[in-house]
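What follows is a pair of complexes built around chain A, which joins chain B in one and chain C in the other.
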Partner chain A sequence: MTTVTLFGLCGAILVGLGLYSTLIHPQPLRKLIGFNLLGSGIFLIFGVIARRGAWSGVGGDPVPQALVITGIVVAFAGTALAAGLLLRLFEETGTATLESPRAVDPASDRSEP
Partner chain B sequence: MTLTAALETALAVLVLGAATWAVVARAAFAATVGFVSYGLLLALVWVQLAAIDVALTEVAIGSGLTGVLLLSVSARLSVTEAATSAGPGLALRLLAALGCAAISAALAVAILTLPDPTPSLAPEVMAALPATGVGNPVTGVLMAFRGFDTLLEKIVLVLALIGVWSLAPDRYWGGRPTSLYMRPRDSVLPFFARTLPPLGVLLGLHLMWVGADAPGGAFPGGTVLAATWLIVMMASLRHTPAIGSSWLRLGIISGPAVFLVVGAAGLLVAGAFLAYPVDYAKPLIILIEVPMLLTIALVLGLLVAGPPDSAEGGS
Partner chain C sequence: MSTSGGAWLVAAAVWPLIAMLSGFASGGRHASRVALVSMGVGLVIVVVIAVLVLAGGEPLVYLLGGWAPPLGIGLRADGLAVVMMLTTVVVIGSAGLYARADFGPRAGLPETRQSLVFWTLLLGVWGAMNLVVLGRDLFNLYVGLELLTFAAVPLVCLDGRGETLTAALRYLMFALLGSVLYLLGAVLLYGAYGTLDISLLAERVQPEPVTWAAAGLITAGLLAKTALFPLHLWLPPAHAGAPAAASAVLSALVVKGSFVLVIRLWFEVMPGLWNVAATQLLGVLGAGAILYGSILALRQKRLKLLIAYSTVAQIGYLFLMFPLAFDVGSARLEPGIALTGGLLQLVSHALAKGAMFMAAGLIAVALGHDRVADLGGVARALPISVIAFGLAGVSLVGLPPSIGFVAKWLLLSAAIATGQWWWTMVLIVGSLLTSGYVILVLMRSMSPLADPLRPVVQVARSREAIALALSLGALLLGLVALAPAPSVSIISTGAVAAETLAGAGR
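== the complex of A and B ==
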């Protein structure tokens, strides 16, 4: 297996792993880690496509590489904003979960005069 | 199997192993540590893909700064972990795993059937690069050919910082973020924070300067400066800045502001927004990169520092 195929498949698996982590973990922090894994898997696929576009004098197509650099910085900005929201949620409610507080039982509503 | 192929296979296994650990580890702190090591290993993959600029950015931001941020969040939220529910049941987990595996499989098929030869913009970039006066094609794309992306990215950074700051309660608006202070007593941190800054500043400026012709650039350079600043603030040797300070705000917007002014001047002088007149391309790129370095260093550091949580220093 060539370098690009190996790391391309690696990127494909990373996308699946990151998505799985984002879906099944109830803690937002774990979702955030999953979001970053998912993003880096996509970046890796970009890198593989860049590497396949190598040309005399350059090891890879510089356009996707530059896009990935921009992407890493923007992913960090998004992560920092999400972390800020998460800490504020914790300060306000004392919990760090996205589950809604238990819904009010409709029966108790009706019992009110 | 050649030695390189064997090493690459081992690297891929390690990367996937660290990523799996970050997903399945029981404690959030352990998962975060797994994620940081994953980022370092991933940088080696980027080196194997001949993308040194990306490897430097991945180490500095993807693993380093994201790691610091996530570690501090997981440390502060560790008290909530026991109370968190176990999550979805086995059937739902299996369903999610199947769906994710299907997406991975579809991507794998796409990768195995990529067209050969791959369409590439490398010849165009290399043909046009001499006109920019820059020798590193990635820097050429970031600063000249796709300068618009880089401009918008700077604005995204500033917007993210405004977003983080706006999470502060009203009474702390204009104050300092203090969650960073560690007030260490018997630790090596103050020693580090006194010894490292000269080296860190030198390395950061060097990375930005050599980025014109060699791997480096304003992103890794700015991140090294931000990290140096963060260590000094963590050791409580210097205060975090009050977010109301006009000097701080001026520094933060200097990068996108200079970029916009040069871009608009291109409209008059070179006939298009963000176009550089041929003879002045290199000096203009440096003129943009220096305030951009300042913006990157300030914003990345302040994003890790978080919203202000003290009225001290406020107006």
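== the complex of A and C ==
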């Protein structure tokens, strides 16, 4: 097995694990961690594709390497925003779940199924 | 090669972001003024681009730094981009004028963080929308989409209540999942074809497993962001919980940003990759959205939730263009009247839904609640708002002369022309259900009260007028769309859709 295949498979496994925990777990924090796992898997695949594009004298295709830096920054910003919202939600309501939000004022009687 | 006048595209992409930063730097007291002035300038920029595209008859292109793809990235304004940018600046500008009373400076009161955040994010949404419609590079578009999400999510929870925080968090979770799926698809395409540029990819893609996987991932990611049924769960609480001006922007524009990318992917990058099943599947999801969203809208007890479910339904109409534009003979998606109809539906919904949320916001302020059952007497107290709601409803239902009528007429014609009668049923039932919830609200608000209604808070006539102007725009644009239009290709793959539009309208 070549290094590229090995790392590609690792990336695929990370994507699968991340996708699973993002979709299955109801708790937002777990979803967030799953999202990060999924992101890491994708960034690893970026690295694999960079390595596959290597030619003589250059260790890897520089374009995916440039993209992955931006991708990491964006994923970091998304995680920070979600963590901030989660902390604020905990301060406001004392819980950090997405299940059955409490109606805060009586005027907003919810009628969702 | 950049075309002459291409530099205007840079102005369109960068100007809102400059305004955002200077609004942020100038503080909450001046942010509203900075925002409104910059929206005026932005309107001029977009009009110049529109005139250049119309006059030249072909898209404007700008290559950043003079580097051609695949090394560099390009911006390009075709018919789709121009229409989206015009709609965006009109809706954002109206929302800005409308929001002055809520978030503008008030004499004698200290500046609030909420107002600073609102104006900054509003400008952020505007800039991100322009970037998303102009971008030609899939990764650049990914950054634009993320910018759009990060600007839109905090707009949902500006008031900081637990309920809206939950809605915002759920929205963010859907959006983040959607964006990583999109990114995975984009990187697969890069790995297979060595470019992320839309035009180059269109030349290089082959029907093979990696393309299908990438297309599926990108589409799924974008659908989560567009809130197509059954991925709509985040939309109603988020759009109903936001302040009225923010709801208008979220419903009218933000969900359309990712939809534009669906059009780019399906019609431009890989028009020949699809088969009947794939296009019918999108149509079925759209039909599900129309029926499910409309029926739930009918059952809502709160006006803003009703309008939010109506958004779920109206998004469904956009996806009917895919089965209707699929040409079985050549097995390709052909840009024709179905695409034009979908695009007009996009504009119609943007204007009408913006007007509806603004009118509903004023009604909620005046009554102190927005329970549909207790709307009695509102038509007398706030006649302009109710008229604005009704006229917007006319466009959503698709009655002439509204632009919604032209959109649905084109979709109907395409369904009949391609012999797909089942979509005509969906269109007709959808319109009936839509008229059901619009008439329900109008009847409730016109039912007389024994005592004349006393508004809790007096709302300014000027704010009602903004909602009315948007709904009148949706109503009267239909007349413009019926007039013979100059031919401009909507997307780069040719097709003089505006001409067919004029033909089909008569």
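The working rule: the second predicted complex is superposed on the first by the 100 of 113 C-alpha atoms of A that agree within 3 Å, B and C clash if a C-alpha of one lies under 4 Å from a C-alpha of the other, contacts with A are read in each partner's own complex, and residues count from 1 in each chain.
Rule of thumb we're sticking to: contacts are C-beta pairs under 8 Å (C-beta built on N, C-alpha and C of every residue); 3 or more make two chains touch, one makes a residue touch a chain.
On a predicted model such as this, the values are computed, not experimentally measured, just so you know.
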First (chain B), second (chain C), both or neither touched by A:Gly59: first
Touching partner for A:Val15 - first (chain B), second (chain C), both, neither: both
Partner chain(s) touched by A:Leu98 [first = chain B, second = chain C, both, neither]: second
Partner touching more residues of chain A, whether chain B or chain C: B
A:Leu85 touches, of chain B and chain C: first, second, both or neither? both
Chain B versus chain C as contact partner of A:Phe76, first or second or both or neither: first
Touched partner set for A:Arg51, first chain B, second chain C, both or neither: first
First, second, both or neither for A:Lys31, with chain B first and chain C second: second
Shared contact residues on chain A - chain B and chain C: 15, 23, 32, 45, 48-49, 52-53, 63, 67, 70, 74-75, 77-78, 81, 85-86, 88
Chain A residues within the chain B interface of the complex: 1, 3-21, 23-27, 29-30, 32-34, 36-37, 40, 43-45, 47-55, 57-63, 65-70, 72-81, 83-88, 90, 94-97, 99
Touching residues (chain side chain C, partner chain A) in the complex: 139, 142-143, 146, 149-150, 153-154, 157, 160-163, 165-170, 172-173, 176-177, 179-180, 183-184, 187-188, 190-191, 194, 236-237, 296, 299-302, 305, 368-371
Interface residues, chain B side, partner chain A - complex: 4-5, 8-9, 12, 15-16, 19-20, 22-23, 28, 31-32, 35, 38-39, 42, 45-46, 48-51, 53-54, 57-58, 61-62, 65-66, 69-70, 73-74, 76-77, 80-81, 83-88, 92-93, 96-97, 99-101, 103-105, 107-108, 111-112, 114, 116, 118-123, 125-126, 137-138, 140-142, 145-146, 149-150, 153, 156-157, 159-160, 163-164, 167, 217, 219, 296, 300, 303-304, 306-307
Interface residues, chain A side, partner chain C - complex: 15, 22-23, 28, 31-32, 35, 38-39, 42, 45-46, 48-49, 52-53, 63-64, 67, 70-71, 74-75, 77-78, 81-82, 85-86, 88-89, 92-93, 98, 101-104, 107-113
